[in-house]
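You will see two complexes here that share subunit A, one where it goes with subunit B and one where it goes with subunit C.
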Partner chain A sequence: MRRSLRPFVNDLVVRAAVAAVVFVLAAIVVHVVTRGAALVSWDFLTTAPRAAGRAGGIAPVLVSTAAVTAVALAAALPLAVGAAVFLVEAVRPHTVAARLTRGCLGVLAAVPSIVFGLAGNMIFCDWLGFGFSILAGGLTLALMILPIAACVAETTLRMHGEDRRAGYALGLPQRRIVWSIMLPAAAPGIFAGLGLGFGRAVAESAALIFTSGYVVRMPDSVFDSGRTMAVHILDLAMNVPGGDGNAFATATVLLVSVAAVVALFTALDGKQGREFV
Partner chain B sequence: MTLFQTIISRPHRTRPFRGPRAPKDLVFVVVLWASGVLAIGAMAGVLIVLAIGAAPALTEAGLAAFMADGDWYPTAGEFGLVAMVAATLAVSAGALAVAGPLGILCAVYIRYYAGDVAGAAFRVVLMTLAAIPSVVYGLWGMTVLVPHIAAWQPPGTSLLAGVIVLSIMVLPTVAVLAEAGLRQLPASLYLGSLALGCARHAAIKRIVLPSAKGAVAAACMLGLARALGETMAVLMVVGNAVAMPDSPFASVRTLPANIALEMAYAIDVHRSALFVSGLVLMALVGLLLVMRWYWGGADAAQS
Partner chain C sequence: MNVQTTGPRTIDVSPGRVEASHICVENLTIAYGALTALSDVTLSIPPGRITALIGPSGCGKTSLLTCLNRLIDLIPGARVTGRILVRDTDVLGRDADLLRLRKRVGMVFQKPNPFPFSIRRNFDIVLSEFGVRRRADREARIDECLRAVGLQAEIGHRLDMSACALSGGQQQRLCIARALATRPEILLLDEPCSALDPMSTMTIERLLLKLKDSITLVIVTHNLSQARRIADRCALFWTRCGTGYLLEHGTMADLSERPQNQVTDDYLNGRVA
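Now for the complex of A and B:
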């Protein structure tokens, strides 16, 4: 009798673990959205915060978030595509250069975001003299999303080896093959990688608090400091008594925008089940 | 192979075909190499900047001052990082102790229990967990978890709260990477054991998981690396008092939280001391990376 129970118990453990994970996700999302959704309105999205964020909306925060992520993606795109094309076209897989590049990207992917914050603060805010600014924050995030975007871009480029060899068989020069064959063919995958990068960038707070700063005014240019949604949530939760309501409302907006963009980019990519956690 | 080669080696691919190269292509090749060098430079740059930032404090106070079991009053020349290193390790190890087994069970579920639809759906669940911003986890921890713990063991902001929040955040990393490791096993391994009369649970426990040991260990290492570096969610729930983690209900401060809390107003040696915190954190993560490569091979579970 005891022996025959064992498969049942083992299966139960696996299914219980899965049920627990699903339950926790549901609990968190439901809690945040139920407390936040009621406060989200057109006014909330289009007015400036009042009373340190307790009242009013998040218009300047939305603008800053968009600006920081736009800078990050614009800077990361050429770097990531360049590194990926380099790995596919310029070096053979087992050369020192290829291994070193890949190794460096691997290490970069494991660097904690707060360390990017430290480095970004020193390089962009101090040395390049940008101060606390959207530009400094965006460039810091670009470094952070470079490895993941490069990895996705490389994988996608490698999927089109046939087209590439066909190009060479036609006698096309390398630059034509890259520009006219490989990059267009790999574009959906490259943008999917950027979508993942966006998900990471828009969620980031640790790398931004001392690079793009937390000034809540509407930014005039990329040289102004700007507070992103994640930093706004952090500030409301930690430093503003009574800021909980708007923190949840901002968190709801943040969750919805992450979900929307990741879904959009995944749909563009078309390849299901790509996993880069 | 040297250790270095082992660390960064990848499985063999066929040699890329080399086409004819026009002179104009040379410019293109230079640009390509420049982007490769830039990728290497990005990583080197981050590490070098960290070292440059840390240098003033290290030369003024010496490494010993940071390693001594002292207090953390950097403006008064006391730089003891030991309590914060211990707290960082405690929170991360606790999180891995929860998320490791759970993540492996989740990977086993996707691979051997779920059908196509349930497996895909559960994958979406994991992706969603991975995509939720850390401040949102922190906010949830502050408003739900901490009050619950406070009702039991005040004040609630504690090592335990940090462990729980962090384990939820690390779980998808472990699960997805472990699942990728299981997928790389030859199908004949599992099917063969079933054909020999193994029950499903026995085949998984005795055949599949031991064979995927390397990849699963690598997944756990990467999960741990992520846990070590997590800043905001932990900062929001652990209380941030600089103290040795002597009880699950004690308020502690982790290395990343220390940087995030003080960087805004730190100047001179204090600022430099925070760069030392970053350097120590980076050293811990680096150690894990080496361990992961050692166990899992460089190709396993590349994120």
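Now for the complex of A and C:
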């Protein structure tokens, strides 16, 4: 290729890639919102479904979704941070323990969600006796979130390697460096990783059908079964003739929720990083 | 500022008087995996002086510096042989108390690295760890450290602002002040002015000249003019087949006016890179 054409072609490829990404997102959002936004109202958000979801709202579904994701994030946070601190502080990079931990996280990331659902059903519903419950669903999702959350947490902790070195140079013990310097410094990045995990958790359906179930009543506790928004959308779209309208309305609420949470975590992440004025 | 040091001030600091050394390095060799970075260095560093470590990039100056407080332990694959004594403490000994050693031997890095918290928190983390629990005592120590680096007037009234919002020069002085908070007897400085403008460099050089009355300073620098301006003693490192070694050391005047090696003469006069 002629040298003078290269910058032009490079620029074109980059712009085309950006346009493709924006187009796909915009197409999904427009397709969903134009069909669903008109049906979203205060009543839709605060009333229970009627006629198998064709009519009424999604109040118990919203509560179940919030509960399942809260359990998932609460369980994933300590596990992800623990794994990241272990990889950064406790083991040398190329030891068997480090490789094994990274390998396990990599395999977890590649496991299909339906397999997580079956494993979650076996471990949490049967072995641990939680039954079909929000707790079982949340813990299953926690395992799904874990690889990405741990990976982001490790990367963020490594970004603060200079703070770590400064801490050791001051004669501070490891526990003080981890608890007082690295984790507070890396907190925005760690929460950004959880934000990505939230996106996956809140959109998950396959793993939850086998673990948290799909009854639409308002859950009494985390030991009660519950239906999340993604499962609700799946059920309306696949099993309920005439449920398309509420499926799109629920999808609109789901998209707005995900966008709001991702924006919140991104704003938090933007606050990290040092400024050299 | 009140910095606790234990050694006498008026002593013979000639190279032959090992007993007068604050830091005594004997037959030190540093390797990273199969690569020997520094070979067989023997050097004594006197108390209450500024000793400059100079030489081209890759000759092992920073590696030597990080051995003096065992920060080299953080680098996977690093191996160190030989002996380093800080007063009577065997730095490389198996049972060396690293936390106590690093409290005694502070370090300031090339790039300013304040913790990304408030100025006050930068000190509080250190002071609370070292037993300064009462708030009033911590405030007094912060004030003392900021005064020592000339920052009290500039930032003493805004301790709750982010340390990362300070200018580069202020950040570096803050890092020096934070290192002084542990009341070290030795301060290691790894090219502390290389990222700073000339005004900030001058401020830090004045600060180092003031600090040497109470602390032994060891500075790695590529700036020969800076070494001439502030250093009492100088050690020139060179490389042979990719391995660093100590070419010559002595007072700054000795190396500048009566060098024992042609390379030293050429390097200090800018005739070789």
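Assume the second predicted complex is superposed on the first by the 245 of 277 C-alpha atoms of A that agree within 3 Å, B and C clash if a C-alpha of one lies under 4 Å from a C-alpha of the other, contacts with A are read in each partner's own complex, and residues count from 1 in each chain.
Methods note: a residue touches a chain if its C-beta (ideal position, glycine included) is under 8 Å from a C-beta of that chain, and two chains touch if they have at least 3 such contacts.
In this text, all values refer to a predicted model and were calculated from it rather than measured experimentally.
Visitor: On subunit A, which partner touches more residues: subunit B or subunit C?
Guide: B
Visitor: Which partner chains sit in contact with A:A185 here, subunit B, subunit C, both or neither? Use first/second/both/neither.
Guide: second
Visitor: Taking the superposition on A as described, I'd like to know which of subunit B and subunit C A:F223 touches: first, second, both or neither.
Guide: A:F223 sits against neither subunit B nor subunit C.
Visitor: Where does A:V22 make contact in the superposed view: on subunit B (first), on subunit C (second), on both, or on neither?
Guide: The first partner, subunit B, only.
Visitor: With both complexes superposed on chain A, which partner does A:D11 reach: first (subunit B), second (subunit C), both or neither?
Guide: Touch status of A:D11: first partner only.
Visitor: Given the touch rule stated above, what does A:M122 touch, subunit B (first), subunit C (second), both, or neither?
Guide: In the superposed model, A:M122 contacts subunit B only, not subunit C.
Visitor: For A:D163, is the partner it touches subunit B (first), subunit C (second), both, or none of the two (neither)?
Guide: second
Visitor: Of the residues on subunit A, which ones does subunit B touch that subunit C also touches?
Guide: 92-94, 165, 167-168, 171-173, 272-273, 275-277
Visitor: Taking the complex as given, what residues does subunit A use to touch subunit B?
Guide: 6-7, 10-11, 13-15, 17-18, 20-22, 24-25, 27-29, 31-32, 35, 78-79, 81-83, 85-94, 97, 99-119, 121-123, 143, 146, 148, 150-151, 164-165, 167-168, 171-175, 177-178, 199, 202-206, 209-210, 230-231, 233-234, 237-238, 244, 247-248, 251, 254-255, 258-259, 262, 272-273, 275-277
Visitor: Tell me, which parts of subunit B touch subunit A in their complex?
Guide: Spelled out, the residues of subunit B in touch with subunit A are 5, 7-10, 12-13, 15-17, 19-22, 24-25, 28-29, 31-36, 38-40, 42-46, 49-50, 52-53, 101-102, 105-106, 108-109, 113, 120, 122-123, 125-140, 142-144, 168, 171-173, 175-177, 180, 199-201, 205, 222, 225, 228-232, 235-236, 256, 259-260, 263-264, 274-275, 278, 281-282, 285-286, 288-289, 298, 302-303.
Visitor: Show me the residue ranges of subunit C that touch subunit A in the complex, using the header's touch definition.
Guide: Counting only subunit C, the residues touching subunit A are 69, 71, 74, 76, 98-104, 106-107, 109, 111-117, 125-126, 129-130, 164-168, 171, 175, 178-179, 181-182.
Visitor: Using the touch rule from the top, collect the residues of subunit A that touch subunit C in their complex.
Guide: Interface residues on subunit A, with respect to subunit C: 92-94, 160, 162-163, 165-173, 176, 180-181, 184-185, 272-277.
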